[in-house]
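Written out below as structure tokens is the structure these notes cover.
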Amino acid sequence: MTMRNATQKLSYLQAIVEAQREEMRRDERVILMGEDIAVYGAQSLFDEFDNKRLRNTPISENSFVGVGVGAALTGLRPIVDLTIASFCYLASDQIINQAAKLRFMTGAQLAVPLVVRTSTFYNNRTAAQHADRPYPLFMNTPGLKVLAPSTASDAKGLLKAAIRDDDPVVIFEDINLWGKKEEVPTDEDFLVPIGKAAVRREGGDVTIVSIAGCLPHALSAADALAKDGVEAEVIDLRTIVPLDKETILTSVAKTGRLIVADNSHKVGSVASEIAAVVSEEGFESLKRPIQRVAAPQVHVPYNAALEKRLFVSKDRIIDAVRAIT
Amino acid sequence: MTMRNATQKLSYLQAIVEAQREEMRRDERVILMGEDIAVYGAQSLFDEFDNKRLRNTPISENSFVGVGVGAALTGLRPIVDLTIASFCYLASDQIINQAAKLRFMTGAQLAVPLVVRTSTFYNNRTAAQHADRPYPLFMNTPGLKVLAPSTASDAKGLLKAAIRDDDPVVIFEDINLWGKKEEVPTDEDFLVPIGKAAVRREGGDVTIVSIAGCLPHALSAADALAKDGVEAEVIDLRTIVPLDKETILTSVAKTGRLIVADNSHKVGSVASEIAAVVSEEGFESLKRPIQRVAAPQVHVPYNAALEKRLFVSKDRIIDAVRAIT
Amino acid sequence: MPLDRAQQLEMFRRMLRIRLFEEALIAHNPVGHLSIGQEGAIAGACMALRDDDYVTGTHRSHGHPIGKGAEIGPLMAEIFGKRTGICKGLGGSMHLTDTKLGLICESAIVGGGFPLATGAGLSAQVRGSDQVSLCFFGDGAVNQGTFSESVNMGAVWKLPVIYFCENNGYAVTTPVEKSHGQPEIARRADGYGIPGVVVDGQDAEAVHAVTLEAVERARAGEGPTLIEAKTYRFDEHSNRLAIPIEYRSKEEIEHHRNERDPITLYRAVLQTRDLLSEIEAIEAEVRTTIDEAVEFAKASPEPEMSDLWDSMYVNPISAPAGEGEL
Amino acid sequence: MPLDRAQQLEMFRRMLRIRLFEEALIAHNPVGHLSIGQEGAIAGACMALRDDDYVTGTHRSHGHPIGKGAEIGPLMAEIFGKRTGICKGLGGSMHLTDTKLGLICESAIVGGGFPLATGAGLSAQVRGSDQVSLCFFGDGAVNQGTFSESVNMGAVWKLPVIYFCENNGYAVTTPVEKSHGQPEIARRADGYGIPGVVVDGQDAEAVHAVTLEAVERARAGEGPTLIEAKTYRFDEHSNRLAIPIEYRSKEEIEHHRNERDPITLYRAVLQTRDLLSEIEAIEAEVRTTIDEAVEFAKASPEPEMSDLWDSMYVNPISAPAGEGEL
């Protein structure tokens, strides 16, 4: 038996593996499918679970995601690993046309307890076909829940919540965070609620909403700004759909200034959605223009130095804050 | 020889067919591919062009779009008809990972003069798997141009411009406009510039940006509002990427109020992007909160009466204007 | 195990129910892709399944739940868009899914059912159940990548799946020969190492026999079978779509209507087995069933805006203020 | 038409260029998916093509342009991420595309090349050119839906395409037998009505012969051929990916390195043809070429932010104020 408050030092990637291990132990309906899953972190699961529940799939993204949907409709709770986020486009048919719509189209006769995991592989010299951060891809489609954890604890707690959720969930994991270690609760029922953003730092001068791997940069920007007397409130979005409007609007009501840090391309990003919500529902409290700090509309180059410049950094956040304070 | 200013009464759908006919006559590199293309309006092209240039494809969306990309890379200028917009998800891999990225990834060795046509089939009792309006689907991906014409003339002129453009273009046609007739220029070089919105009605009190099939509703809302002394400026977006920020910001600078009418689901919509741009770059002129009038986050039901209620209407636009004037 | 008399009559009943259901639609609510002409393939396949076996289908969805034995009223009400419909009026003509009988999806996205049926087979295998999963699809759907991907996965994992092609010769206006490099669909099975079988889809008992064999293989853990039932659609692709070209001849259609009607053919077979009076009783009964279904559908209420929100998630996310009222 | 002596030596040169290019990468810039072990299949196939024929490839991209005869310096500079790289340092290791030699795409999306190669074939057919298009792909890629979809389209339209499988037995850690319901890849051809041919990929001349036959069929308007070249990758899937499991035995790897090295084997063949001194000259020359390429790459400048914007569109959309400067 684990203690309620016990913790264990785990990296973000280890936390993901532990979440799956615990849920597979707890519920035999949970299975894991994907290409070469041992290579993407799951090798230690093979010590404990067999080939029935750990499925190395052929390279057939649209179909193995759909196989997950079919299995979810009929009594299993599959986790499907789409490894690299640009493979989401290959499976977006089954995710959008089937997973997201089947419950509705059948008049709620069915449920789709499916988890799709995928990793954003940017800042890794993999060039344009592997480095996408398509957080907004599934945002326009009702029926899905979409997550993007930024800490090891959240990676664990949100993935566990997703596995227990009865609706289809897509979770974006950020490889730039894979190595980050922290104390993670060992309680088997430790869950992070879907739909709740986390205030990582309080401050009254400006709100910085941060998505996935932007968090470390947002926090160090906030530290630097504090030295100049600007207190930033840093919100870690964690859940993209459904959006925690309340936490964001409450903060903006206090600060009157909003920065959104998002490593997607700027146009049509999650940052755009947040800006839209605040310009609709939080307009009266806004003192200055909203600032999106995001990747520009160019593809990710192979050259590492140029690649790095596309993404959110401490300095870019500081500049954005300076522009409105 | 056609006269410079001659026109011809055509429906939106006929205008699309004429655009293709003219460009196929003009440039033998232009071909048209798709499923049962005769059924989707192109039957009269078969009188003039042969099976070499008019290709009925097998039901293989991802591949026939990719075949279009491959042909575009090697000397043709293909038009690929994805018929119904929810089939875009099946081909989003080839559109996003290949069409949009290939020029960049090869260091500009290649060009991809491809046009992908697709129709939004909402308000047609086809239910959730056929009724999507995924205008934002390709907006987050640099490298593409994305169009959404609302009049017969624009349908013709934008499609012709797209066919002559050397970059990949996705064009959303709206079946709710198929039957709308108007005088359309017959000049073979009549082009509507990509990237330019059209001010359809001038007014100083509120800006209504309208996307695709929302235009008739926006215009009748504006007429009704004018009777109450509220003068709306109606902007027909026409091009989704690249966004004509200038026209929108200029109008908002004058009116201080912005409504965006978009039949996509509200979250992560083109309306969200426009709201974000204005809340960043036009904030100082905004007097009241931005209002997005869009479809709510539920799927499209089969029941026709309920389906209709999801979409933008004159009354919903009027309500939104009333809320901020 | 061949069908006993009661089962033969039940198969006839289901075929006739499909036929009269579709004819009622033509009369009352001209919507959808009809299965007239394909009843033998559908009922023959379904009669080889248990109630708890899974089925996925297509945009041409009406026949599948009827073939599986579903109650008619809620199916009819669905096509009328009513709240008493099997999908509450939200799914409609292309999505008649009755989960009580293992129907998990009629996919209007061509090819969308392959992975789902394969996943249902995976589920049965992982849970150690002896259920099987039957995937209905058309000849055109074979060209979707999901066919190849999913059949291969079914084969690698020896899943209990029957891939059942209703080959009616056309995808909308496109004949098989113009869209398939090799037009014999069953022959594609070899590429995945599974058996491929061709059967006359207008002969319901022949369809039943080959399907039963495939079901037994699947239940025994020997993996999938690909069945190609040669059938024909008597009506237009969809009675809502204007088809501006002649892609099949009137003679061809008349030939099938006159010589190859699966119901006429099976009725004649059953008559030779001295079942005429039973047939006539079924004919009267089915007519009543369909009439009552139409009445039920007409009299039923429309769904409401709140039904949309309530059908989205298992734990409904509540409608934002105002939107519930649109 | 068998290869003449000059062509035999050219084939050997290209094989050796691939080998030494990859070895230089291991020494200088450990990035990428190497083609060591697969040189015979690649060069054998490419030697059957004209300079203006099209080629598409994969994430394992280095061998294809070298096999097609591309200049080495810009390829090396690309992997060093330099502005003088064939793709200006924007594409990198998985995308070495030299369009001067008809290479139109190395797709790091597995299966992404099937439609592109098929489209190039369509283009040649529509333009009435006699070019052909050759699509390199791995055994794992066969399970992508695009394989089936595209090969079928090539077959229906009798396009001049050669689908060429470098079957190295594994997709990352997954052996063919565990991911293919039926492990003989060439056998899938029958499903599309095109010829399927198996060849020893370690025998460059055998590869050349079967490819040439396919090229001639394609140019004659007889449609696609599927070729399966049995080969082996000597190194790890990618030298950047940690592989935590043993999925193939050391003995198996050693067997291939020692007995089945395509360069050793072909060198021996050429020696029996009295070409030793020519071979030695080529060996020296290739070593110099590679050394010079490394020097060139090292000495080359980095790309600039403006190169990104300039490479996006044919008519560049200018960078929004500020973003060009990031």
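Labels for the chains are A, B, C and D, by order of writing; each one numbers its residues from 1.
Operating definition for what follows: a contact is a pair of C-beta atoms (placed from the backbone, for glycine too) under 8 Å apart; a residue touches a chain by one contact, two chains touch by 3 or more.
None of the values given here were measured: they were computed from a predicted structure.
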item	value
Per Cα centroids, the chain farthest from chain C	D
Selected interface, A-C versus B-C, where C-beta contact pairs are more numerous	A-C
Centroid spacing, where centroids are CA-atom means, of chain B and chain C in whole angstrom	36
Chain centre separation (chain A, chain C; CA means) in Å	39
Rounded Å distance, chain A centre to chain B centre (Cα mean)	31
Centroid spacing, where centroids are CA-atom means, of chain C and chain D in whole angstrom	45
Multi-partner residues of chain B (each touching 2 or more other chains)	57-58, 60, 62-63, 86, 90, 93, 97, 104-105, 127-129, 142-143, 297-299, 301
Two or more partner chains touched - positions in chain D	87, 89-91, 95, 107, 109, 112, 143-146, 149, 152-153, 156, 178-180, 307-308, 311-312, 317
Touching residues on chain D, where the partner in the complex is chain A	31, 78, 81-82, 87, 89-95, 107-112, 140-141, 143-145, 171-174, 178-180, 241-245, 302-305, 307-309, 311-312, 317, 319-320, 323, 326
Complex interface listing, chain C residues touching chain A	54, 56, 85-91, 95, 97-99, 104-105, 107, 109, 112, 114-127, 133, 145-146, 149-150, 152-153, 156-157, 307-308, 310-315, 317
Residues of chain D touching chain C in the complex	143-149, 151-156, 178-183, 187-188, 190-194
Interface residues, chain B side, partner chain C - complex	35-36, 38-39, 43, 46, 56-63, 86-87, 90, 125-130, 296-299, 301-306, 309-310, 316
Residues on chain B engaged by chain A in the complex (per definition of touch)	62, 86, 89-90, 92-93, 95-97, 100-101, 104-105, 127-129, 132, 134, 136-137, 139-143, 241, 243, 264-265, 267-273, 275-276, 278-281, 283-284, 286, 288-292, 297-299, 301
